[in-house]
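In the two complexes that follow, chain A is the common piece, with chain B as its partner first and chain C second.
Let's look at the complex of A and B:
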């Protein structure tokens, strides 16, 4: 009796590891020519539309109209324009004053800023008008400083190095309720105090100005930023109704202790900004120990949208606005990557070859995610780097950012595309029908984008769209921070309600939920 | 059925017979649409999505006291149409591409060789489905606006009277929005007839509807911006919803006419392709 050996194929059994599955899915993707063309088209669309069609504004002027913009100690672009009455202080010491009044004027109609501004000035203290005392590394623009000041509507503040802001005594200053301010210097450490009566002092804050030289400038200042009127029009528009303004501070009980004080105060408008220093009344008067100083400008970071300066500014992300178009094409392909298998019955073969269904979904997600990321990365890099060059050629001042921020924007956009692609794969798996899946993924990304347009809906609706819907991930585009102490046009596509990582996390959350649902449906449903 | 035709050798049917054939076509199309489950879902989804989006947007919009609100409350209430049009487009795309994906289209043409007539019947049945859905959607949106807006600061005292169809501009916006949705359906049907593939047709139609306005907002040239706003199907068609008479790129009825031209062009191109192409 002979036993018949069962047939064994001469080939070794194929391995069914995860990477074999990914390879299989990649082969399926790669061999559909229409999809390859479409994904390449998607990223080309991002760059072509973004670089050549987008309006980033132009500085209309002959010759160089953007002044040499200084940068602060933190590397950010700053506005450093104020009227400064100062003395040299070359040792440790302190400066104390009493501020009895802060008044101001602004030009209501916005109009051209320049030699005609003497007409139609209205008395009004803008919310962030500032008058107070300052210890400045030098009178050079962008130098390190620490200052104590009274403001139009935000009480006493200690501000330092352009971005730092600490609140002191609340309330407005007036002759009946004056404010006493003091700055003490010890080496490179400066401490600010405020007081309502000159005898009871409260410490507001202590800051260390690294590398402060022995001889610094200490003195009194006044400045007043441009004022915004009304609501702003839709995003992607710079400007709006901005008005130049001036602020006048009245100081007495000025005492400067320590150092070889020369005893004479000299006044100058620091920060030569040709259009701002032509405001009328800028200067100072000194009589009987009483200083009256009128200044204009601001000591603050420059914010996006050209909001607080009189030239057009931009950010490195300005040319990324066409990402939504590439995104739409990529999510359509992502959804079809699954639904096409259902339509042709290919899904049954796929699941027969790899019965562990969750891994099929994972492999598909990996393939689409990688394709989107790898193609998105150079597209975003070109849009950011070449886009900034094009903006500069238009005379637009592109706000400087660190290379880390630049990397965050580029990698963030690529990650946004990748996660969106994965979400589309999950939606395709859930819905199975091409039409429904394609329509859903388009609506999921484009509808919030349209409903987020502030020209149609109120700004708070727009803000919620960028907070809770998948387009929250566009927050990765934000390259410059928003400052509560600087009035600005804070809104998409430059400023977002969520920080970049949180925005991306919202999209990841949607993708995770969709993947979980898709996985359980794929497991429990017939193919 | 064509016994007389055989006997007399005449090919051209009598006018009455033609009308009857078209009625038969209409009934055939209605039977096809009626007997798939998704039709009912999509019609219901049109109304549900439109009203839901409008209600949500109205509920989060606020006219804060002391600020000058410049909202067009009618247009704000009807904003859900922007979402509802996507469902209408899907309904229209499926009406023809599902026949192509299953091969039913060959049976259809065998039974009904007059291809223009078939497309006309499809368009008529589709419009018959979209119109009631659109009427319910628009009525729901306006009702939501009427109920919610006064509580959000849009009171008559501040220049925002209750939404009412007695107001001529609001009536025009409401009726126009219904027509708008019907025309979007016809446009989508035309594009789907041209493209034949369901996924591609959906992508193209929704791209046309949603991305054109975004392109208009981005392009540098104001001339082109205006052109896209004037002649884009969505931006032109939705001017019918305006009741403030602000800076419109094109007059309300003119805008709807632009959309009608888009729909007619798409249907004509689709019909011609049907006529000259193999199924």
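Let's look at the complex of A and C:
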């Protein structure tokens, strides 16, 4: 009997590192044409549906659709509309007043009213009606300012540069409970004080208005924003509307120190684009040191939904509405990338080629995650950039955001798709059967998405859907902040309960839990 | 490290069914080891355990002295074909091999080599879903050969092959064993392993019934019998019986003689003047040997069934 020498391979064995495995999984993915077609279709869906089949609303306007909208020092779109009784102040100084009354009117039925409308007006001070004192860089729209004011329901506030808001004395103002307000200017630094009696003063806040010129406008103002009727914030579904309003402030003990001031008070309505700059009674009276000023409008950022302006506003994320459809296709492919292997028994070939099973799961996740991210990035970029252009062509005013915010939305959507894909891979691994896994991943995203629609459920249910379910990640779409000091239509798809990063983190949490379970099952189960 | 498969005391239960019941054997290099037994004997389960796909309840399986899970680039240690249909139908054969190659850090050049080796050349760029079972077997062989491993383990590779394919497969396996590789080939049909296997591991009901060389097995089953072909059957029987042999008529002109060596058979027939056309040592087929060997197991099984019946 002859002895045969054991076989020695003539060639050196290759490496079997993690990246070899990723390479293998990528080869698997790209060599099934159906999958490639489906993922490309997914992103085409996002753009085609998002850009062309979605009605962003058309401005019902005469003349130029999108007016010149001022932006504040922070770059955000602002309303800068109020009745201003002012004089020039060209040195350091201080302005002190006593406010004895804040009253208001609004139109409960909504609808158009003009300067001579009286019927239907009801006495009511809207919550964010404002009357007080202001130091304004100029009377130009969007100029820097700092102001002390009494409000309808939110006590004394110090507000500045449209987005800043600091609370002062609480409670409503009345002749028996007046409020004293003071602003002092030192260079470009403004400090606000309040007092209930004119002798004991409390500092509310100090702000620096960078680049404040020597000559500024100082004076008294009143303004009153559009009021949301119905059970805010669900007014949208209760069929309510928005109502214009006016506010009237009564001031005395007016004292402007420091100089040289011009000495005479002049009144003017400043601003444009407010829902009503022609409400009845707007103007001021001055007698015996007593000023009565009636104004309308707001000094505040413009918020999404366009509720506080007379033109249609939109955000850069308006054309991302079809992301959910693309996401559904991508998670189906993500789940099938795993379950197809189980169905054919190919998982055994895969696990024989790589007995370290956790790595197999990781490699599959990396491939699906990267595919979703790389395809999602241009899809989101097109939907955001081209979408904003289409909105503008439809006469919609797209709320301006910084390029960083734009990047956050685009990268955020790509990341959302990537993490959703990884979650689908994990679910596919856990469930192993295509039908079951596909049904699960669709349900996990689509059900909360439907339940997140306020036209289907109550707003608080909707809020919880976007807080605790995987769709919380859609918060990456939020491009403009919500302001507690501005009444607005704060809900999806413009506004979310969680900040963008936190929403994405919720989805990451789901993916991490699913991956952990999948990994442990994959390791312990017979293949 | 010698290229071997060692299986020791494997037990595995799937629910109420006992799949492996103390399976133990060793596969050595330079030989084709046939892994034979009826369907359900535990062959495929054993192979899955060897590849680390199924975890045994007890016992262990080693590939070249290591548990499979500890092998680096495992496909260069052992190539396996468990299920020829385990592939994505929409992927071409070449791409199927390509992802496997990439998982081991191998290149497309190696893929083209094994495609040629397995005779898949003309069909390699067609979708594997359209392959016949025979073509899939060849694709499976190509996949097993990717890492140029010293050990090959093939589950029912003859299934679905046409006669030409069976001849090719036999030659291929013989050649690989000739290179010093260890080959384990399972089959539920002993005849498939005729002229292919050097060694047999015969299994039934989750354990090894016989672990023996093919030559010894056939010799044992053949005994020292002699076959005589003659027209004068009756005369020949008389002459040989008188000479002290046990004679059985196995065909119209064939006798099988036990108890006498061939030389004496020739002498007795010549002495009696009986004409004959052939005298030869009887050679059992592998199938006969297998049936003989498994008869006991079958009888045992029948007996236990009787006992169990009240």
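Note that the second predicted complex is superposed on the first by the 502 of 527 C-alpha atoms of A that agree within 3 Å, B and C clash if a C-alpha of one lies under 4 Å from a C-alpha of the other, contacts with A are read in each partner's own complex, and residues count from 1 in each chain.
Following the convention adopted for this analysis, contacts are C-beta pairs under 8 Å (C-beta built on N, C-alpha and C of every residue); 3 or more make two chains touch, one makes a residue touch a chain.
Nothing here was measured: the structure is a model prediction, and the numbers come from that model.
Q: Looking at the overlay, does A:6 come into contact with chain B only (first), chain C only (second), both, or neither?
A: Second partner only.
Q: After lining up the shared chain so the two structures overlap, which partner does A:17 touch, if you call chain B first and chain C second: first, second, both or neither?
A: second
Q: After the superposition on A, what does A:435 contact: first (chain B), second (chain C), both or neither?
A: The first partner, chain B, only.
Q: On the A-aligned overlay, A:527 touches which partner chain: chain B = first, chain C = second, or both, or neither?
A: Second partner only, chain C.
Q: Between chain B (first) and chain C (second), which does A:349 come into contact with in this model arrangement: first, second, both, or neither?
A: It touches chain C, and chain B stays clear.
Q: Would you check which partner chain A:27 touches, where first means chain B only, second means chain C only, and both and neither mean what they say?
A: second
Q: Per the definitions at the top, what is the overlap between the chain A residues touching chain B and those touching chain C?
A: Comparing the two interfaces on chain A, one with chain B and one with chain C, the shared residues are 340.
Q: Show me the residue ranges of chain A that touch chain B in the complex, using the header's touch definition.
A: Of all residues in chain A, those touching chain B are 49, 53-55, 230-231, 234, 236, 321-322, 324-325, 328, 332, 335-336, 339-340, 343, 433-439, 442-443, 446-447, 449-451, 453, 456-458, 460-461, 464.
Q: So in the complex, which bits of chain B are touching chain A?
A: On the chain B side, the touching residues are 53, 57, 60-62, 67-68, 71, 75-76, 79, 82-83, 86-87, 89-90, 93-94, 97, 101, 198-199, 201-203, 206-207, 210-211, 213-215, 217-221.
Q: What does chain C use to touch chain A in their complex?
A: Spelled out, the residues of chain C in touch with chain A are 2-3, 29-30, 48, 51-55, 68-76, 80, 82-83, 85-92, 95-96, 98-100, 102-106, 110, 143, 147-150, 177-182.
Q: Which chain A residues qualify as touching chain C in the complex?
A: Within the complex, chain A contacts chain C at residues 3-11, 13-17, 20-21, 23-25, 27-28, 31-34, 340-341, 344-346, 348-356, 524, 526-527.
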